[in-house]
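Two complexes follow with chain A in common, the first pairing it with chain B and the second with chain C.
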Partner chain A sequence: MREFHEYNPITVAAYYLCATAVTMFTMNPVVIGISLFASVINYILYAKNGIKPHLFSLVLFVIMAAVNPLINHNGMTVLFYLNDRPITAEAAIYGVTAAGMTVAALYWLRLFTKAMTSDKLLYLFGRLSPKISLILSMAIRYTELLRIRWRKISDAQKALGLYDDGNLIDALKGRARVLSILITWALENGIITAESMDARGYGTGRRTSFRLFRFRMRDGLITAICAAATAIAVIGLNGADVVWYPSIKTTLFEPVSIMGYVGFGVLSILPIIINTKEAIRWRYLSCAN
Partner chain B sequence: MAVFELCELSFSYPNSAKKALEKVNITVDQGEFIALAGPTGSGKSTLLRLLKPELMQNGDQSGTILFCGNPIGDLPPRESAARIGYVAQSPEEQIVTDKVWHELAFTLENLGKKQQEIARRVAETAAFFGIAPWYRKHTSQLSGGQKQLLNLAAVMVSEPEALILDEPTAQLDPIEAARFFDTLYKLNRETGVTVIISEHRAEELLPLCDRMILLDHGTVVYDDAPRAIAQRMDKSSPYLPYLTAASRVFIHSGGAGECPLSVREGRKFFKSREIVSGNPHSPSATAPPGKEDCAALEMKDVFFRYHKDGADVLNGLNMTVNEGEIFAVLGANGCGKSTAAAIMTGVLKPYSGKVKLFGKALKEYKNGSLYRENLSCLPQDVESVFLHATVREELRGCEEIVNSLPFDLAPLYDRHPYDLSGGERQLVALCKALKSNPRLLILDEPSKGLDPNAKERLSELLRKLQSSGLTIILISHDIEFAASCADRCALFFDGGIAACESTSDFMCGNRCYTTAASRMTRGILRNVYTVDAAAAMIGGDRS
Partner chain C sequence: MTVIKNRAVRTVLRYAIPFGAIPALVILGATVFDEKRYLIISFGVALAAIVLFMAGIEKKNIGSRRMVLVAVMTALAVIGRFIPLFKPITAICVMAAIYLGAESGFLCGALSVLISNIYFGQGPWTPFQMLGFGMIGLIAGYLCEPLKKSRALLIGYGVLAGIAYSMIMDVWTVLWYNGTFSPDLYLAAIISALPFTALYAVSNAGFLILLKKPIGDKLERIKQKYGV
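Our next item is the complex of A and B:
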């Protein structure tokens, strides 16, 4: 079953960037409502991380929603007084909207980091420049190598009795020694890596960059749908506006804005649509076999 | 047609009066499989590097090197990269990228090949080398043997005509090495690639190769088929250790008839001969030097795992090392030997079980007293011990130990520890380990990457240290080395000790995990596990 996240990294990255951008550049309560709802559902279906991240988001949401009316006293509709300061309905609604926007954007970014693993990011950078892609790939390899090496050296020093954990100064001296050995080792062995690169023709001319991911028709199709939905949302939401203070006045439900909501709605549940379609197809396939 | 033609080739390094290579004449034909042997410093690496233009070093060169009929220097860079493959010793540092598939594609990317072509070559190569199951893995997750196979595969993607390998299996265990040689042999037979390999593992390599070139002091001493070379050597030849056990027995016994190479041929040879003398290694003849009642190290029901939910790496390990003996722990890579060593030295703590050193639990040694005058451990990669820029600084405070050694380290004093040969490094590191005046010394793979002479010297040195009262635990996968110096051997398997006996009982009791001499004489001679003993028992032709 080819789920949404198995599409080409360009498609996946473009999708999340669009969804995040539309969410972040608007204060439209309807859009933020849709965005928050869809991003939470997407996250639950994809990440399966348990309850913890949601608790964190909830706390964040409550705090942010509460802070605005406490420090912002604009607005005509006074709900009650706190320490002789008015708490207004306008400021409260604004706070809830802003908090919803932040939390929704957070969910979209979480989904992005979850979906874009290191090899997918490398692929994206590789499309930009084969050199950057190689450097990143080597950097990832070297950090891992140095980590393992650090461990080996400090164990070796310890077992030779050269690494004294007795007090802070000695422990720091021990660390410095391990670091110094590690650097010598890295420089010495870097020569071997450099020779290995030379021997295999590095620097003999223009490089190409081999990719495991292919950009297929359907990747193009989904990217196009994603772009179209974003365009409709942006155009449609252009006219939809909210004046918050002194009292809330909206132009949220013009026909053109409703078109914008539909566009954004399609965008935000696109992964769910694709996954459901695939699940149904899979079911029919397994019935047929 | 000749792939390489070396004519009167001489080479010397800058600031060095000695010539690294002197008047070398070698012709390498298409499709040959050539083993390059010789002691450390004989010029093997220098010669191999001269055959790969990217790796040529500065120095004075005279004579000519032709590659496929043209001077090797005239080869355009891209062609030289693609047509001459080179694999070095270290599995780890040769790998450039983080993913297996990317490493395979690296050469072709450098050569500017198109996506389609890279995909095809990479797929072909991965299938040939059996890499497909780990194609998408991180390179740091592979075992040493897999890493070296990947290095070989990554070179083969550009379809080179010649493959040059500089001690590729020095860092691998015997099983991984055998797999590497098998793959190399298959490559040579099935694709016709010319192979030139320098290696100390004569036993596995010589039966596979067409020709052996023996270098010493920069000159070619022998250049012929291994069998023919063995037939020309006599008992006093200094190059005997570069031959297989079967050939050595043949030479020791007088050298009549055809020389055997492999263990199989060796068995045939033994069957055709009369057995003269009695039994040199009768088990009761020599009592082991260790004092049975004094345990230097005792491990009782030791369990260890790295993660809470992981599998046990040590699974109820029981082991007793007597004071004053050399105890060898043998086993394949990844069986838990090194973990056991880390537990012995207190670097890792078992979750259950007891570890006692000289009758006292490890944790009762307070404030680092464990590592002063009690226990010292030399890790597998001895580089991790070196701190300074010269050997002199490295050995400061160890003068007494250095003076008591049977060799002179003085010529090495002004060199950087990383510039020493494997054997010399091992010696310097050993001096450092002895500085704290330990009663128990733990050595992790001390014979790794050493040439036969260096191994012999190390084995003598360990014997000498033992006679001065030191207890030594040897952790190794080098069976021949353990046979040459250990008093008792233990086979480590599945997180515990599967067998633990005196060296002669161990070597003669095991069927395949034992020395070549023992495998050759099994069922023919009793209790024989060294070449010398086997040769001494052989008489004339039976017919």
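Our next item is the complex of A and C:
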């Protein structure tokens, strides 16, 4: 059983970047509808984060959809007047589309963030530049280490009786002292780390990676499907244009653009297809035993 | 392991990106897409600039001590981003830039954004933020002598960096929302971001003064002690 997020990081990153890019760079209501729907379903299924992100997205959607008609007064169909300024249907529809695009892109990127854990990011960056990847991995490590040390130092300070939380000035002074100790410790320790690295021959050979990701056949297959679907979507959607102002004119439903929608539709539900297939296989195999 | 392990390929990339990819992106954006999608162009250029810079650093011999110190400063900046409201990230990047060199400043800014966005959420804004903080660090590194000497200049740089960063990010907000640039929306974005701009400017200046002693002096001392 190999879930979509367990595929090679290159494949997963490429997939999410394609989905996000197509969403972000079109202002095509149909594509944005598909994208919003698919990304929300994906998010609910594979990034179980509770209701909070959805509420945030909803608020963002409403605000962004409302901003455009309030600022932009182009368009022929006047709905009503607000402070003697016309509120037009065209601007309102544009606002809803733009807001949908933003929220859909946000959902795709949340999925990306969820899938690309720090070890996968390191794997990707390590291919670009070993040095940057080393600094990146050390910085990620130090982030956690410094937090632990902060707690250790402040515990020690408390035990010495130097840390009074009741008094604001004292508390701030205490924090400043902890910070100062932390920085000295981290910098001196960093030098020791560097010496130790040099002593063990850093930079004399090639660097290996902590987690091994093999690029298998199926990774290549999925990457190819993803690239093909994106290409079909881009080619198909090139002709599908919307002229927003002064009145909405669209060429949204030409045969070519419908091909583009199908391409993008396949792209956006690819993780669902893969995961469902794997789940069915899992059940089938466990029944067979 | 690495795709770009070949030195020749890396060299080709180093010339291909500035002379091939960036002009191609700009031309493509201007001709192929009917409604000029500035967003795509700016996104591509930001990404290419970061890759280019990182390829440059890859070639340089920075030394393991400096690398570790940059990693420590980056981690401090990442932790600083968890402080509510007042963010010392700019101040820490500027400190790294002044005392460890311009490239270190760039790396500290760009990488701390990349890492902290693992917690705060990656997005299309990531390359722009990386470039923004990276540039703040890089420019501070070029101005390191005057910034080291004068406290007033340091405050000025912090305030200016906060305002400039906020205004540049507003351009990006407008581009993302609207596809093309619109002065009305830009004004609205600037006004709605005004409290944040003020907060950036104040916290930058404040942290630069506050952190000069604990971070700046210690970096100076470490440099003298170990000859980084």
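What we mean here is this: the second predicted complex is superposed on the first by the 253 of 289 C-alpha atoms of A that agree within 3 Å, B and C clash if a C-alpha of one lies under 4 Å from a C-alpha of the other, contacts with A are read in each partner's own complex, and residues count from 1 in each chain.
In this text, contacts are C-beta pairs under 8 Å (C-beta built on N, C-alpha and C of every residue); 3 or more make two chains touch, one makes a residue touch a chain.
This one's a predicted model, so the numbers in the text were calculated from it and none came from an experiment.
S.K.: Where does A:V67 make contact in the superposed view: on chain B (first), on chain C (second), on both, or on neither?
M.R.: Touch partner of A:V67: chain C, not chain B.
S.K.: Contact-wise, after the overlay, does A:R211 reach chain B, chain C, both or neither (first, second, both, neither)?
M.R.: Touch status of A:R211: first partner only.
S.K.: Touching A:T193 in the superposition: chain B (first), chain C (second), both, neither?
M.R.: After superposition on chain A, A:T193 lies in contact with both partners, chain B and chain C.
S.K.: After the superposition on A, what does A:G50 contact: first (chain B), second (chain C), both or neither?
M.R.: neither
S.K.: Can A:K152 be said to touch chain B (first), chain C (second), both, or neither?
M.R.: In the superposition, A:K152 touches chain B alone.
S.K.: Return first, second, both or neither, reflecting whether A:I140 touches chain B, chain C, both chains, or no partner chain.
M.R.: Both: A:I140 reaches chain B and chain C.
S.K.: Does chain B (first) or chain C (second) touch A:Y202, or do both, or does neither?
M.R.: In the superposition, A:Y202 contacts both chain B and chain C.
S.K.: Touching A:R127, do we find chain B (first), chain C (second), both, or neither?
M.R.: Second partner only, chain C.
S.K.: Touch test for A:P255: chain B only (first), chain C only (second), both, or neither?
M.R.: In the superposed model, A:P255 contacts neither chain B nor chain C.
S.K.: Touching chain B in one complex and chain C in the other: list those residues of chain A.
M.R.: Common to the two interfaces on chain A: residues 118, 130, 134, 138, 140-141, 145, 180, 184, 188, 190, 193, 195, 197-198, 202-203, 206-209.
S.K.: Given the complex with chain A, which residues does chain C contribute to the contact?
M.R.: Chain C residues touching chain A: 1-5, 34, 37, 39-40, 51, 54-55, 57-58, 62, 64-65, 67-72, 74-76, 78-79, 107, 111-112, 114-115, 117-118, 121-124, 176-179, 182, 184-185, 188, 210, 214-215, 218-219, 222, 226.
S.K.: In the complex, go through chain B and note every residue touching chain A.
M.R.: 52, 54-55, 77-78, 81-82, 85-86, 88, 90, 92-99, 101-102, 105-115, 118-119, 122, 136, 138-140, 151, 154-155, 158, 342, 345-347, 367-368, 370-372, 375-379, 381, 383-387, 418, 432-433, 436, 442
S.K.: In the complex of these two chains, what residues of chain A are touching chain B?
M.R.: 118-119, 130, 134, 137-138, 140-141, 144-145, 148-149, 152-153, 155-161, 164-166, 177, 180-181, 184-185, 188-190, 192-193, 195-212
S.K.: How about chain A: which of its residues touch chain C in the complex?
M.R.: Listed in rising order, the residues of chain A that touch chain C are 20, 24-25, 27, 64, 67, 71-72, 98, 102, 105-106, 109-110, 112-113, 116-118, 121, 126-132, 134-136, 138-143, 145-147, 150, 176, 179-180, 183-184, 186-188, 190-191, 193-195, 197-198, 202-203, 206-209, 241.
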